[in-house]
Amino acid sequence: MKKKVEVFTVTKNRRINQEYLILHVASETSLPEILPGQFVEIKVENGPNTFLRRPISIHEVDNDKNEILLLIQEVGEGTRLMAELKPGDKLDMIYPLGNQFSIPNKGNVLLVGGGVGVAPLLMLGRFLKANGATPHFLLGARSENILMDLTDYKKIGDVGVTTEDGSLGVKGFVTDHPLMKEGLANMDLVCTCGPDPMMRAVAAAAKSANIKCEVSLENMMACGFGACLCCVVDTKEGNKCTCTEGPVFDINELKGW
Amino acid sequence: MKKKVEVFTVTKNRRINQEYLILHVASETSLPEILPGQFVEIKVENGPNTFLRRPISIHEVDNDKNEILLLIQEVGEGTRLMAELKPGDKLDMIYPLGNQFSIPNKGNVLLVGGGVGVAPLLMLGRFLKANGATPHFLLGARSENILMDLTDYKKIGDVGVTTEDGSLGVKGFVTDHPLMKEGLANMDLVCTCGPDPMMRAVAAAAKSANIKCEVSLENMMACGFGACLCCVVDTKEGNKCTCTEGPVFDINELKGW
Amino acid sequence: MVNLAVDINGYSLKNPVMTASGTFGFGEEYEDFINIDDLGGIVVKGTTLHHREGNAYPRMAETPAGMLNAVGLQNKGVDYFINNIYPRIKHYNTGIFVNVSGSAIEDYVETAEKLNDLENIPGIELNISCPNVKEGGMSFGVHCPSAVAVTEAVRKVYKKHLMVKLSPNVTDVTEIAKGVEGAGADSVSLINTLLGMAINAEKRRPELSTITGGLSGPCIKPVALRMVWQVYNAVKVPIIGMGGIMNATDAIEFMLAGATAIQVGTANFIDPTITVKIVDGIKDYMNRHSITDVNNLIGGMIVD
Amino acid sequence: MVNLAVDINGYSLKNPVMTASGTFGFGEEYEDFINIDDLGGIVVKGTTLHHREGNAYPRMAETPAGMLNAVGLQNKGVDYFINNIYPRIKHYNTGIFVNVSGSAIEDYVETAEKLNDLENIPGIELNISCPNVKEGGMSFGVHCPSAVAVTEAVRKVYKKHLMVKLSPNVTDVTEIAKGVEGAGADSVSLINTLLGMAINAEKRRPELSTITGGLSGPCIKPVALRMVWQVYNAVKVPIIGMGGIMNATDAIEFMLAGATAIQVGTANFIDPTITVKIVDGIKDYMNRHSITDVNNLIGGMIVD
């Protein structure tokens, strides 16, 4: 998979809720192979304070339309400017970057996403199902009104939901959900992406249940392709780059998890 | 005239030619008194390379609509971003800044503008005429296709034109026009704004014909309101600020003119 | 209600927000935009013993997230200040500091002496970034002995608050900070501009008449914050921090790094109302973080 | 046809565009994006005698028009480079320079000695911005005696092109440039990063695990240009200029200020194809200005 710098064209900007939106960006040529867990680095134009590119997971890929879908949460200037993009606008991206989640061909896989961390899980679910495994989604959010549209997830697997305010699904954190309690024993693999404390809680639960667990880290990145060594995570084999040797790591590789 | 920082709303963006456009920006309240020769300092949002404000002359004022008109030439990032503004967009301006041209109540006044330097002259012509003097415009451009729309000027006074390629009017520079040759003797005042070499040529001609001449300088400015002392011009009384004691100067005040 | 007042070695500022010399004129230039009395203090334009015309035009260039200037201390001299400007601004209900510059120690001393008697001037800020004409033109502020010498000499004659403004163009800012503290400075302010340069590639010429000039604005903020933090760990006198402060968050960062008060410079050119917005922003931050006394921010950076 | 080749004290670069150490990996990281052979030269990652893990995460923070880094020379050591990396990259048809770092003079010497025999490594770049562990941790590059000592020691054992990379965190960069020139440097490269710091006001914590770090990017360009110009007026050896070069215009500015070649650092992160664009942009500029030999740009700034 050769990495490229390419200027995409925005074809759609769909608002999901107050904080989230899905951006569709199209290439003029057919896309290279893209795997679940990989990400892009976006150059934010016209941002006085966005000197560096911004890493964003690949949410989905539409090979028929040569489109990449990005799930974006507005948190600062860069993501706000992305949220303002309109069809026809250009988007300069480096892609595809990073490694991928494991895709077993059988067994139960629990996909735990918190907040915008759900981004890579939809595509992962699709790949798992196509390969013969059974994906189960568990999505956590602060409240129903900032939860994802669940339609696409439900087409792929069963969907558990937790909200901190109890407005939908189980009240509490993802680790309060039955899927992470009684359900966990049935799983062969747990894949998680979301805020650090959430991933650590999920990892701890998986570890004590002796289930393989993969986490997708969101370390600060300056380049995204292995050149700067800024994005390192402490592993049992020393520092590794989150951008090239991750973002997905088996928790057994990581120190302190 | 108290200076203000105010966020205006763009009401119209009229393209004049390839390089020039006229921006109409409206205030929500009635405008303070604004005099010909004064300027605004514009904060260019979203410009990674436009840290400082940009000084732009006040082209015209529409007191009925509380609108200020700006004639803008695209030369770099700041003016290009101004050119992209659409009705409804906001524009943060400090105004009104600077001094003004003299406005005698009789006699012939030659208004010589080169390129975007014509900006303050339309309004000046209107004031002169209203006050009893007779304005004569002399406008120079590289070529017809980057010359201003002359309709509004012709309503106020006679209009001489020079183009460097001879595509309209007299071929050559403004100093090649009869108004600056035989015509000059009939003038009581020459007011000029434009590129430095042009203003110097006009000033030299006026000086040798012993006619009072006012020039509007476009020195580099960091603030626009007298705080930084960056915009100075060497005068017979020492350094003066172009932004507060100018931009309009009688050439007799200036050293080396 | 939160407390915004800070004390700089015996002199109280109603809030930590001051303005930086050379960017705020004599305050008057900003009267149309804000109420000067809302500020903790102002530092007026660099003042020298005699009238100075400053450098030739062009004196400024825009740079990435900043600007270069080469004003060169244009001012009408201290007597003009005392006789013509002071009477016009002395009514401001804020701490008015005079930035004193010179090219020889005697100039600094004589200028400072003259300012002793101005009732509403609680202190001076010694700008030691000026070229030392007697010693080859290197600025007083970049070598410890000359920085100490000028501070000591002024300290002998000047009775009120003596703030010494440090140059960032040095190998070790703490050495000089400690030196001027020992020489009697009541506080140190930092940073002055970084020495920089800009070239117009098309014209193949420097952008400034003086070739090099002083870099200011957000681009220098990381260097300024680092120096404030280093000096905070080296001296006991209060620090007045500056360099690229554009908003309340920046101001708070300087206080967390160790500044007791801050000065706003270049940002005034872009938004002449920014200083009062920064005062309000500090209040908001304190309310959000349940901090009742702004003094608790000083040096409050948590280091594990 | 224009001539783009420049000579740095006997070694010829096919064009003046090199890459800066620590921003270009070993070249391999950029193979997907550009043809490495199109560059004048590359400087590979900082290499030390022994394996180094570098600093703890977080190692970077974005700043106005730039970034701070605190990578801390993470690398697998010179032997690993020689045995594992060199064989993979030696085929590049470009000048491959190794950036040599160390915390004691002996480390520098031993590392440089080992690199002598690598046929396709025409030279090393001595990174003297590293902390001198034996003398209290101040970097070798900020004091003339230690800069001279390390250069002299390496010069004795290293036979090929010795480029010495200067730190900008000094009072007088020309003093150190002259010192290392006298100690046998074949060229000087500058600037390394400015020491800076960033604080997260909400968390009240430093952004970097090391509190301070190295500032790079366009924000430092005015300081870098000034230092290149100062050094150009002080030494005879060629200068390799860097600091915030983002495009061909920036590169030309450095050459006009006196650089024979330039290095592109942080810009590679934002556009991994930028180096070849800069080569093309220099050609365009030369055509536009009817300059047939790029050497005519060197020090070509017009000063009245």
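Read from first to last, the chains carry the letters A, B, C and D; within each, the first residue is number 1.
We take it that contacts are C-beta pairs under 8 Å (C-beta built on N, C-alpha and C of every residue); 3 or more make two chains touch, one makes a residue touch a chain.
What you see is a predicted model, and the numbers here were worked out from it, not measured in a lab.
Chains making contact with chain A as well as with chain C: B, D. When every chain is reduced to the mean of its CA atoms, the largest separation from chain C belongs to A. Note: centroid distance chain B to chain D, computed from Cα atoms, is 47 Å.
Centre-to-centre separation between chain B and chain C, using Cα means, comes to 36 Å.
Here the spacing of chain C and chain D, counted between their Cα centres, is 34 Å. Of all residues in chain B, those that touch two or more other chains are 48, 51. Multi-chain contact residues of chain D, defined as those touching 2 or more other chains: 63-66, 217-218. Chain contacts in this assembly form a single closed ring in which each chain touches exactly two others.
By the definition given earlier, chain contacts exist for A-B, A-D, B-C, C-D. Those residues of chain C that touch chain B in the complex are listed here as 22-25, 29-30, 32-33, 45, 53-54, 56-67, 69, 71, 74, 217-218, 266, 268-273. On the chain A side of its complex with chain B, the touching residues are 46-48, 51.
Remark: chain B residues 2-5, 43, 48-53, 94, 219-234, 238-239 touch chain C in the complex.
Across the complex, chain D meets chain C through its residues 63-66, 68, 138, 142-143, 169-172, 194-199, 201, 203-206, 211-212, 215, 217-223, 225-226, 229, 244, 249, 252-253, 256-257, 285, 300-303.
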